[in-house]
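Going by the order they are written in, the chains are A, B, C and D; count residues from 1 in each one.
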Amino acid sequence: MGRLGGQRVRQRQAQAERALSAGAGRAVDLLAQYVMNGVMLGLMYALVALGFTLFFGVLDVVQFAHGDVLTAGAFAGLTAYAALVHAGVQSAVPQLLAVVLTATLSMALLGALLGRLLVLPLRGAPPLNVLLATLMGGTALRECIRLFYPGGSQPQRFPALLPTASWSVRRFTLRLDNLLMIVAGVLLVVGLSLVLRRTRLGLAIRAVAQDEETARTMGIDFRRVVLLTFAIGSALAAFAGVMNGLYYNEINFGSGLLLGVIGFSAAVLGGLGSFEGAVLGGFLFAGLQTLGAVALPFASAYKDVFAFTVVILLMTWKPTGLIGERLGERV
Amino acid sequence: MHWTLAVRRIALLVLLVALPAAAKDTVKLAFIGPLTGGNSAIGLGGRNSADLAVTLKNADPKSRYQYELVVLDDECKPDTGVQVATKAGADRSIVAGVTHYCSVVAIATVETFHRLGLPTIVWGAVLPDITYANKYPEIHRVNGTMINQNETAAKLMLKQGFRRWVIIHDTTDYGKGHDKYFTQYATAGGGKILGDFGVTADQQDFTAELTQAKGLNPEVIFFGGLTPLGVRIRAQMDKLGINAQFQGTSGIVSDDFIKGLGPLAEGVVAFREGAPAEKLPGGKFFLEKYAEQKYPNPPEAYGPFAYAAAKLLMDTIDKVGPDRKTVITALAGVKNVDSIVGPITFDDHGQNTVAAITALVVQDGKWVVWEDSEYASGKRKLKGR
Amino acid sequence: MSAPEALLATRGLTRQFGGVVALAGLDLEVRRGELLGLIGPNGSGKTTFFNVLTGLFSPTRGEVLFAGTSLAHATPQAICRAGITRTFQRSRLCLELSIFDNLAIGAHQRLEHGLWFNVLRRAALARQADATAAAARELLQIFDPPLARRLFEPMTGVAMIDRRRVEICRALMSHPRLLLLDEPSAGMTADETTRLMDDILEVRRRFGDLTIVLIEHEMSVIERVTDRCVVLNYGKKLCEGTFAEVSADPEVRRAYLGLT
Amino acid sequence: MSLRRAGASVLSTAAIAAVTGLLLYAFLAAESERTVGLVLVGAVAAVAAGLRSRVLPRLVGAAGPPAVLVGLGVAGLVLVRVFHDDPFVLLLMARALLVLVACLGLHVQLADAGVPNFAGAAFFGVGGYTAAVLGRGGLPHPLVLLASGAAAAAVGSLLLLPLLRTRGHYAALITIAFGLLFRTFLEVNETLGGPQGLKLGGLQLLGWSFNDDRRLLGVEFSGYAFYCLAAVALALAAVWLVRRVERSWIGVALDAVRLDETAAACFGISIGRWKIAALTIGNALIGVAGGLSAMMVGFIAPNNFTFQESLVLVSILLLGGLGNLAGLAAAALIVIWLPEKLQPIQEYRYLLFSVLVVLVLVLRPTGLIRRSVRRPFGSVAG
């Protein structure tokens, strides 16, 4: 067990070193570990929040099945992995590609379907109906996974497809797989902002978001843009689902609900409809959770309670999010 | 008496008269366990074992009644547990019950069974209060409690030279019970508990707690809780580069724990009352019969106890008849009744004393009894030794 | 006749939406008991003036004095209690409710809303409901007699023109001191408008102490019913006076009628 | 009231009570799943025919709603008498009635004032925990139930400021976030028993313990029979209160706040006051139902009020047709009883209800049954 041996030597060194610089040393490396955890969570929440912001931007609607789309994405990825293993493909890279592609494409399709079946037909109805319909749609999706996926009610083991090398500086451990996921997540966010800013589709999405009537009169195929936006938003969630699976090495059917509410809270904190707001909101929520865990050392399970309480207080102070929703209410 | 009930009774009478002695009375027995969710493997193992007991009893010509197993799922949740317990207790045709693996559910349904007068035998929950908190004649238990489990655990780990623990436990009485009793026995033996964290049963992310634990630099992370949390914590320990030894309780002794972690499960230590099936007095017989029935999932750690509980109930009903009150009085007198988990004796609290505590370690993907493992013989080393 | 004192006076009333200045330092007076016409091209700030006056938008700058009290930053509820009610350019009736319910909303000020009264003292509640129904029928007799018999039917069954009349009745239910009418005759034919104006004059005669500000585009209507007029343009008061004086004013002719 | 009208009222009330009683009895007594299915289909067909042929509304009109309430109350008593020794059915009836009371609370909030409450189950839990904590003290139990309602309203008041400042889906997020954080708080916090929950002694009324069986008028009643009677009484009182609130100036004000806040403001209606009133009345109803339910079951744990359970309450509201009390009652009975009577769908109930609600929302955006206009409450119109 070579790696373990080397580890032990370094640990004795670390213990000696720690004895020397007890005060400052202790805080910095732990702090770094917290920041690392926070960044990982923040990125996942940001990806989910971006979905909410895209849907709201285009249609002024909240698509509340989004959290469960994330879980469905992770399960789709897991199914692809199982199929590949069954077919005898053992090496990690093709498996990883298959998992990510299956998850994102299948959820893009599901997202567009949800938009087509649940959201567009309800354009005329009161806005709350869309929230209710998609909330129930999310419940149906969650129950389908629980009931029809083999052993769906149990947590499923998600394969560790990324290399698991890690470097430790005293007690801060940086794992290669976390680093890769962070880089991939950031690239995805940057890529999305480029798509929105540089491409015709992006222009069309922003136009529809700004003012639907004028955009439609300018010849923008409204339905196509909406369905594409739903596809993109859902694909983001699927990617976050795969990240969740790789990070925790486990997925279960019920985690989508909480992640959906957290993603929506993050999007609202940042101001629904604003791209930067969603990313900021995601990291802000993760920061709140980490702060909550650090501030209440032995009752860290309160971190969700702390984070959601702050969300409610912030919304009382700024009802439409920190940066504020762009569309004021017309009298 | 509304007419449908009356009609059914008359029909039954006619049936009995017309068919002299050929058909035996049907007696219903309830089985309650976690059939869905994270602990369903153990629940299904228990159900199959109880079902095996019923099948064998029905096959035996000497048995006075035809037994039928009514299977109910408590989802390892107290509220669902009380609901199905009320349904079982309220159903007059159910005479007795083999109830619960999850302590959080068992402690909740004690009142319900007492109120509805249903004699029950717990087959897997280890929380002492289930039987010791009050003296209800209806409540019995064949498996042991967590008190002696932690005594043995502390002795063994201290003997291995471990001195510094961090405890993570779920906030149910099961988790808190293990936290309390292990701290008591570990500190008595010179060990030090650096810190303890309560976590909720459906918590997903433990990086915050584990980062703090890492800051305390423990030799061992003691986890008091069930398999789903155990898997997540052990996996996230590896993510944060925590190389402490992982020590669990009876809650993680299941194949799902190993399946969930893969290589990471290697070297994990856990303790539980009673021995694995093959080491039990009636173990070989039980495993053979279990295999014959070709159940889709294994009996798991508490299958034998479920079998023993079901068999004891049916034998008692055979002796005293399918009436709840007489069954309760008969169970009170159970002394040294032979069973596959060894002789069963119920004390005044209905608790069967199970002396044997088994230490187990995961070796090459299987739970192995500590004494037979390469960790005991020294060929393999626990973490940090 | 000494000039009757101003019921409503605004000083330097301004409202900006970002860069757009909807009201630019408006000084305007409404004398008690008069029917003032408010005219001006689209986007001249007429409806914004009503919205600021009724508290839906708080003024960026300026003062609003109504019967001596300042209402500049008052809530719509307080402004209504002071005795100002209005109709809306785009009708805002509750279509799911009955005609009676909509009128009862208008009479909210004068109704008893205690939980004790409403849940337990049902006889007293029934009496108050009958009184309100009678008041509603009386108003409807003026504006839309056939509706008086369909008081408890849903609004959805009422024609668009009649809905405008119900909205006026709703504003009158609380016996306001100042009634703001925002293009009440929009979408009506000439004789329907004439009949509506007669009804308004009839109400004015019956209520006595009722001051009305009327936003209207039809010059013949303004000429017939208003005592005075104010012409707005780009949020500023272009000129003020009787219809004859106003229509003769060169500024108005150039800005509003496009004549040079 | 003339003699003829009184006669017609009594006759039609008796008819309604008898038909409802029979349908409920057939549903509850049905043993095999096939009969349950048949009874359900029969009931739905009967009601649909009654509605389409205007027979039902005319009957209810002739009887006069207060009389219908009395009739249904009598039907409830008869059913309790019939199932006097069958605890399982009595428990089912009581649970459905208490869920109906909770849904009436949500009805006042969403259907009347337009404020969505996705933490219904959390307030149900607050009532239950209050009953658990106060139940052991010396306080007479009717006061404990009132305290349960008051506690739920008080906890609800924490959300008043956020709910007044937000609209639409932001307000929805407030209640969703509150539901999640409240359950986690109770699960982690040990004072109220953590995930272990708390046990409750039975309801005691003037020394009469509801938990034990008792002979009455020569018949052996199971303990649950008395809880069932309490639930029937509570449900009737709640329907009476909600109907009176809706058919009064308060109902008109709530409608104005729901339909057009701007116009309501312009006519002096204080948006804040009425939303607070609706939230407080609603949460109080939910709290009382929660208190009685906890006492009946004898146990309460954080797992009872997950976000999923709140969604079930909202589903009942939507399936019953927003704003329709009869529909609400029918939906509550079906949603609670069907899974218990049709064992195979027990596992699939969440899936079934969520799909049903989606269909209702997408196919009938204005609600299953068109919302009827408020009937006049003046003396002349009767």
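FYI, a residue touches a chain if its C-beta (ideal position, glycine included) is under 8 Å from a C-beta of that chain, and two chains touch if they have at least 3 such contacts.
From a predicted model like this one, the values you see are computed outputs, not experimental measurements.
Student: Would you say B-D or C-D is joined by more C-beta pairs in contact?
Tutor: Per the contact counts, C-D leads.
Student: Going by C-alpha centres, which chain is most central here?
Tutor: Most central by this criterion: D.
Student: Give the label of the chain whose average Cα location is farthest from that of chain D.
Tutor: Max centre-to-centre separation from chain D belongs to C.
Student: What is the distance, in whole Å, between the centres of chain C and chain D, each centre taken as the mean of its C-alpha atoms?
Tutor: The answer is 43 Å.
Student: Roughly how far is chain A from chain C, centre to centre by C-alpha average, rounded to an integer in Å?
Tutor: Taking the average C-alpha coordinate of chain A and of chain C, the gap between them is 52 Å.
Student: So the centre of each chain is just the mean of its C-alpha atoms; given that, what is the distance between chain B and chain D in Å?
Tutor: 38
Student: Taking each chain's centre as its mean C-alpha position, how far apart are chain B and chain C in Å?
Tutor: Taking the mean C-alpha position of each chain, the two centres sit 76 Å apart.
Student: Send over the residues of chain C in touch with two or more other chains.
Tutor: 56
Student: Which parts of chain D, given as residue numbers and ranges, touch two or more other chains?
Tutor: As it turns out, chain D has residues touching two or more other chains at 184, 187-188, 262.
Student: So which bits of chain B are touching at least two other chains?
Tutor: Within chain B, residues 171, 198, 200 contact more than one other chain.
Student: For a test of understanding, state which residues of chain B touch chain A in their complex under the given definition.
Tutor: Within the complex, chain B touches chain A at residues 36-38, 40-41, 171, 195-200, 202-205, 207-209, 211-212, 214-215, 217, 228, 231-232, 235-236, 238-241, 243, 256, 259-262, 383-384.
Student: Give the list of chain C residues in touch with chain D in this complex.
Tutor: Result: residues 54-56, 75-77, 80-81, 85-86, 88, 92-94, 96-98, 100-101, 104-106, 108-109, 111-113, 115, 118-119, 122-123, 125-130, 132-133, 151-154, 170, 174 of chain C touch chain D.
Student: In the complex, go through chain D and note every residue touching chain C.
Tutor: Counting only chain D, the residues touching chain C are 241, 244-245, 248-250, 252-253, 255-256, 259-260, 262-270, 277, 371, 373-381.
Student: Going by the contact rule at the top, pick out the chain D residues touching chain B in the complex.
Tutor: It is residues 29, 31, 82-83, 86-88, 91, 184, 187-188, 190, 194-197, 199, 211, 223-224, 297-301, 303-304 of chain D that touch chain B.
Student: Using the touch definition up top, name the residues of chain B that touch chain D in the complex.
Tutor: 2, 4, 77-80, 82-83, 86-87, 89-91, 104, 107-108, 111-112, 115-116, 170-173, 176, 198, 200-201
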